[in-house]
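Next come two complexes, and both contain chain A; in the first it sits with chain B, in the second with chain C.
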Partner chain A sequence: MQQPDTTAVRSALEHAGVTVSVEEVERLGVVCRVEPASVRDALIALRDWEHSFDFQVDLFGEDTREAIDVVYHLRSFSRDEDLFVKATHPYDSVLTSVWDIHPAALMPERELCELFGLRILGHPNPKRLLTTDGCPPYLRKEVSIRTPEEVRDRASQVVNVAELTGAFGSIAAEPAPAPAASAASAGAEGGPAPLGESQPLLLPDAIKRAPSGVDHVSTEHLILSMGPQHPSTHGVLRLKMEIDGEEVVSTEAVIGHLHRGIEKLAESRRFNAVGTLMDRGDYVSGIHNELAFALATEQLLEVDVPRRASWLRVLLGELNRIASHITWYGPVGLDTGVMGLFLYVFRDRESLLDILEDITGQRMMFNYVRPGGVVADITTTAEAKIRAFLDTFDTYMDENEEIIMGNEIFQARTQGLGVLTPEMALAFGVTGGNLRSTGVSWDLRKDRPYSCYDEFDFQVPVAETGDVYARCQVRVGEMRQSTRIIRQCIDGLPEGEFTAKVPRVLRPPAGETYAAVESPRGELGIHLFTDGSDSPYRMRYRPPAMYALQAGETLLAGGLIADAVVVMGSMDVVLGEIDR
Partner chain B sequence: MNPWLIVVLRFLAALGLMLVNGVVMIYMLRKVLARLHIRLGPMENGPWGMFQTVFDVLKLFTKEDPTPAAVDRPLYFLAPAVVFVPSLMAYIAIPFSATWVVADLPLGLLFVFAVMSMIPLGILMAGWASNNKWSLIGAMRAVGAQVTYEVPMLLAALPVVMMAQSLNLNDIVRAQHSVWFFVNVPAFLLFLIAGLIESGQTPFDLAEAESELVSGFATEYASMKFGLLFLSEFSNTFIFSALLVTLFFGGWQLPFVSASTLSAIGLFPVIVFMLKTYFVIFLLMAVRGTLPRVRVDQLLALGWKFLLPASLAWVMVTGLVIKIGQTLVGPR
Partner chain C sequence: MALDRFTGEHSAIFIRSEQLFDVARRKSLWYMAFGIACCSIEGLMHASGPRFDFDRMGVFFRASPRQADVMIVAGTVNWKMAPIVRRLYDEMPDPRYVVSMGACACTGGPFREYPNVIMGVDKIVPVDVYIPGCPPRPESVQYGFMQLMEKIKGQTEERLAAARHDGR
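Presenting the complex of A and B:
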């Protein structure tokens, strides 16, 4: 990774008529500060510039105690550079949506506005994302977490919901885009307007597609609420679908059922206690979450992690990657009706969790990777178990692949289904296996190696077609590559300490940094702000699955209900991570 | 004996057989699927968990029966019966041996098809009356699939009728004394595919695809009403397997053993018939535990674009072959 040239960035932005101050922030990178009014111009200029910062990694806010800093994290894949655009908004002001420049902003903008008390203008779906009406904008510093006593007190009071909703209601700014306009455009597309109690779903017109085979017969569309208790929505995802017979006309993902406010909770914890929260984010791949946070803290502390600790992180990370991919692989079978596969892969997952338990003492909530190193060394029994696992896993993988990937019915159902184009994937901020299935080879382990990944010999599986089948191929390939890395790990584990000497209470200097790891779901980033105290000032958790969900939402239109289940399953969304 | 008493006894025998079949098949399904899925299945109640299904049925009988407020009550209560009764009626014509048949109908095969085609009506009633979107979609799928596959299934059975020159199921069995009609392989395959879909087994269990439609048309049903829907589904599988055995695998006969010898050994033909039928059921369960589910448009396309023309064509081919055979050898 390189740093962008500050003078070039400044001249490019000033050429577009944007007043900007460009500075290089230590441990973070190049930051452009622009006025809120000229954010859109700046983003367009950077996107259309020859350095093409056309990928929006993330969008989030920070309360500086004086105003809200909105951070747009951009990336240029062609030059492998990252750039941060910051705009300072006063409290309770209006944020102008940038979703038409970077569709990836669709969900993050909603989240930002509800959690910081901003109002949003120009957004196609200006609704709350994670919280309900009545929830205060809790990421502001003035809102503090309730103590247990306060919670108990409040339980005895009668809460006037209407009062609360009045105080913290809709995030839509005036003039709000009227729902009528959306309905009219739906009618203009030739599809019959929904009737009765079913309000039209507020999807961007650009995303909303007419169903294939519109027949101009006015039939009533149904609004089908799939989830959060549906058998196959992979957690507590709720898909609100407008359907015409069995055909999906438009979809809206309703999330937030598992929202715990991890970003806020992290602000009240010491640095070495945040790991437990991270485990509960993406609960299927805890090691990667912990690792991202540990890397960010280490960057600020400037500690050198011992080589053995890095290797152990890689080893556990890859074991966890297989365990996570397996938890995706089996349900893909369930979604298509192959119940056997689910139970076959859980045989492997059982032995993986056994290994992880042996080393970390936990089966899922590891809290194993801490700033400075890891908690415990590998045990001899674990090593034997890993070798035994590797002996059988490859044969089991061959069998599983034959059962599902080689099956004609499965192929007929998944090939050409839910096709994600590379342009679309990049526009929606999709990373990880979903991006690689479209032919874009981008893997942080190879392209921005962290934690000694450059010392290992492995390949990055890439598929071309971007359909459900390609996503399966990529993830199956990744599992095979992971076994290669694990083999190298246990054969050549270097001697040494498993943790660096770090103080008991960590106090990183005030600063800001971004660390990302390639989690099974994509780029899991931690953007960490510190103020010199023993707990983070603000922690932003970039959930890769949320970006996959945004893209997945748009893939369902035109397909059948049966396809919707399979496409959503193939995107590998984990709601613990999306809702945080 | 009073002829009415005989009728009642025969009916009760059919009902008892259906219930016992249901219990045995559910247990068998659990064990077969468990075996395929590297798990154990029921193990606690009785040896190898044998009484688990019995207890489950008792549970269904004693369970509270909640009725959702928004259902269309008359239809909602009637639907399980409309699904269950045809399934029970179909038992009447199945010949378990030369003499063990509730009613030896001259048009037995036609009768079975006729009553079985009532089932989609009940399913549609259940789906509509439940006032639930999943139920409705499931019911529409079930009806779509069953209507599509009725015709090919009947057409696939026609070659057998032409070969046996009778619609009486016992006559069809006797006609296979020298060679089983399995030799008519295309007719057998067409019948198998159509029947798989008709009985709603994976890979064609679209009507209650639990990963898509929660539980399909049975979503809103509980207690013994659900039990009836569930039971009739297993009963349909049994009837389909029994028909398959009757039409293509010589029914209660064994190869190289004459019918009179077999009948002399009392219950032996019945046992032969049941073993054959349960073997077919076992194969269906193995398919169910292995294959993915097809999509509804693929299913309908297969039915209308391939199975229907193919079965029509095969009826013609079989007719021609029989005619040519008769002209060469002379009428039988």
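Presenting the complex of A and C:
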């Protein structure tokens, strides 16, 4: 990764008539500060510039105690550069949507506005994303979490059950218009659109695809609610689909049923303890979550991680990657009617969890990777277990692949279904296996190696077609590559310490940094703000699955209801990570 | 009225026939496939997977609450989720049981400080068995189900005691 040239960025923005101050922030990169009113011009200028910062990695906010900083994280794939655009919004001001420049902003903007109490202008679907009506803007510094007394006295919380069931009656209609909406008054900004139930739901017309309507029978559209209790939505995802007969006209994903405030709680945890929260974020790939946070902390602390610790991180990470892909592989079989596959792959997952438990002490919530290194060395029994696993897993993989990937029925069902084009994937901010299935080879392990990944010999599986079958091919290929990495790890594990010498209470200097890892679902980034105390000032968790879900919403349009389950399943979304 | 003495809730016919049904109930506790968070991987997927094999205990998943006996609340319940959990519970036919799995469902777990999280699912639905752990191992879930079976077994004694108390 290179840093963009500050003078070039400044001249490009000034050429477009944007007043900007460009500075190079230590440990982060180049940051452009612009006025809120000229954010759109700046983003358009950067997108159409020859350096083409056309990929929006992330969009989030930060409460500086004086105002809200909105951060647009942009990337240029052609030059492998990252750029941050920041705009300072006063409290309760209006954020102008940039979704038509970067569709990836659709969900993050809604989240930003509800969690920081901003209003929104020009968003096609300005509803609350994660919380329900009446919730305060949690991520503001003035909103506090429960005190220890409140927590200890569980009886203090009284829930009126009758009110709950009453509230459920209106769940088919969206619970609440965003604070953005209800509080918005027709101001100088041109009058925010009226919001709420009268608003046509779902995505803007530009993305909406009309059904084929071959027989020219005019039918009434139905709203079908799928989830959050549905056996195939892979968690508490609720899909609100507008259907015409069997065809899906448009889809809206309703999320937030698992919103637990990981970003907020991290602000009250010590740096060593945030790992426990990260584990529970994306709960099937805990090691990657911990690693992302540990890398960010280490960048601020400027700690050199011992080589053995990095290798152990890679080893555990790849074991975890297989375990995570298996949780996707089995249910994809269930979605398409292959029950047997679930039983076969979960046999393999049990032996994987045995290994992980042997090393870390837990089956799921490892809390193994800490800032500075890892928490324990590899055990001798684990080494034997890993070798035994590797000996059988390749054969099992062949068998499993025959059951599903080589199955003619499965191929007929999935090939050409839910086609994601590379343009669409990049526009929506999709990363990871979903992006690689469209032919874009982008893997942080290869392209921006972290944690000694450059010392390993492996390939990045890429498929061309972007359909459900291609996504399956990519993930199955990744599992095979992971076994290669594990084998190299176990054969050549370097001697040395498994953790660097770090103080018991970590106090990184005040600053800001971004660290990303290639989790099984894509680029999992941690944007960390510190103020010199022993806990983060603000932690932004970039959820790769949320961006995949945004793209998935549009993929379903134009398809059949029966295919919705398969398409959504193949995107590999984990709701714990999306809702945080 | 007279018939109630023979078939009512405190009659010998009712209590003894329920005792028979209880045998059937505890041998086939079908749970609802409803995983909220992390615990669902351990408690629903791994427990019914090949190693732990929940089926041998007569525990099997049903996709619809209408066909289920047990609801495993496997994850954090927040304000957005609470009405749905309650509605699913209301949709289940009697007799129904709730297993609160994991720290989050029992007390709010590591997220109990966040005001959006409900401190324990027992605020919303009555809970029969609490399984501690974060997440509990599949063995713990199976042990929890065995406790639930014991509880169902003890229902006859409770009914008899209630009948005796009523008769006095």
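In this text, the second predicted complex is superposed on the first by the 524 of 580 C-alpha atoms of A that agree within 3 Å, B and C clash if a C-alpha of one lies under 4 Å from a C-alpha of the other, contacts with A are read in each partner's own complex, and residues count from 1 in each chain.
Quick note on the criterion: a contact is a pair of C-beta atoms (placed from the backbone, for glycine too) under 8 Å apart; a residue touches a chain by one contact, two chains touch by 3 or more.
Just so it is clear, the model here is predicted, and its values are computed rather than measured.
Using the contact criterion defined above for the overlaid structures, shared-chain residue A:Leu334 touches chain B, although it does not reach chain C. Using the contact criterion defined above for the overlaid structures, shared-chain residue A:His259 touches chain C, although it does not reach chain B. In the superposition on chain A, A:Ser250 makes contact with neither chain B nor chain C. When the shared chain is aligned, chain B and chain C each come close enough to touch A:Arg347. In the superposition on chain A, A:Gly576 makes contact with chain C only, not with chain B. Shared-chain residue A:Val565: touches chain B; no touch with chain C. Of the two partner chains placed around the shared chain by superposition, neither chain B nor chain C is touched by A:Thr499. In the superposition on chain A, contact of A:Ser76 is made with neither chain B nor chain C. In the superposed model, more residues of chain A are touched by C than by the other of chain B and chain C. When the two complexes are overlaid on their common chain A, residue A:Ile403 makes contact with chain B while staying clear of chain C. Chain A residues in contact with chain B (one complex) as well as with chain C (other complex) are 230-231, 343-344, 347.
The part of chain C that touches chain A in the complex is made up of residues 32-38, 40-42, 45-46, 49-51, 63, 65, 75-76, 78-84, 86-88, 90, 104, 107-108, 110-120, 123-124, 134-135, 137.
Per the touch definition, chain A reaches chain C in the complex via residues 130-132, 135-136, 138, 145-146, 151, 154, 157-159, 161, 164-165, 167-168, 171, 175, 228-231, 235-236, 256-262, 264-265, 268, 276-277, 280, 283-284, 327, 330, 342-344, 346-347, 349-350, 353, 363-365, 575-576.
Residue ranges of chain B in contact with chain A, taken from their complex: 33, 36-39, 133, 137, 140-141, 202-203, 205-206, 209-214, 289-298.
For chain A in complex with chain B, the residues that touch the partner chain are 222, 224, 230-232, 246, 333-340, 343-344, 347, 403-404, 407, 409-410, 412-413, 560-563, 565.
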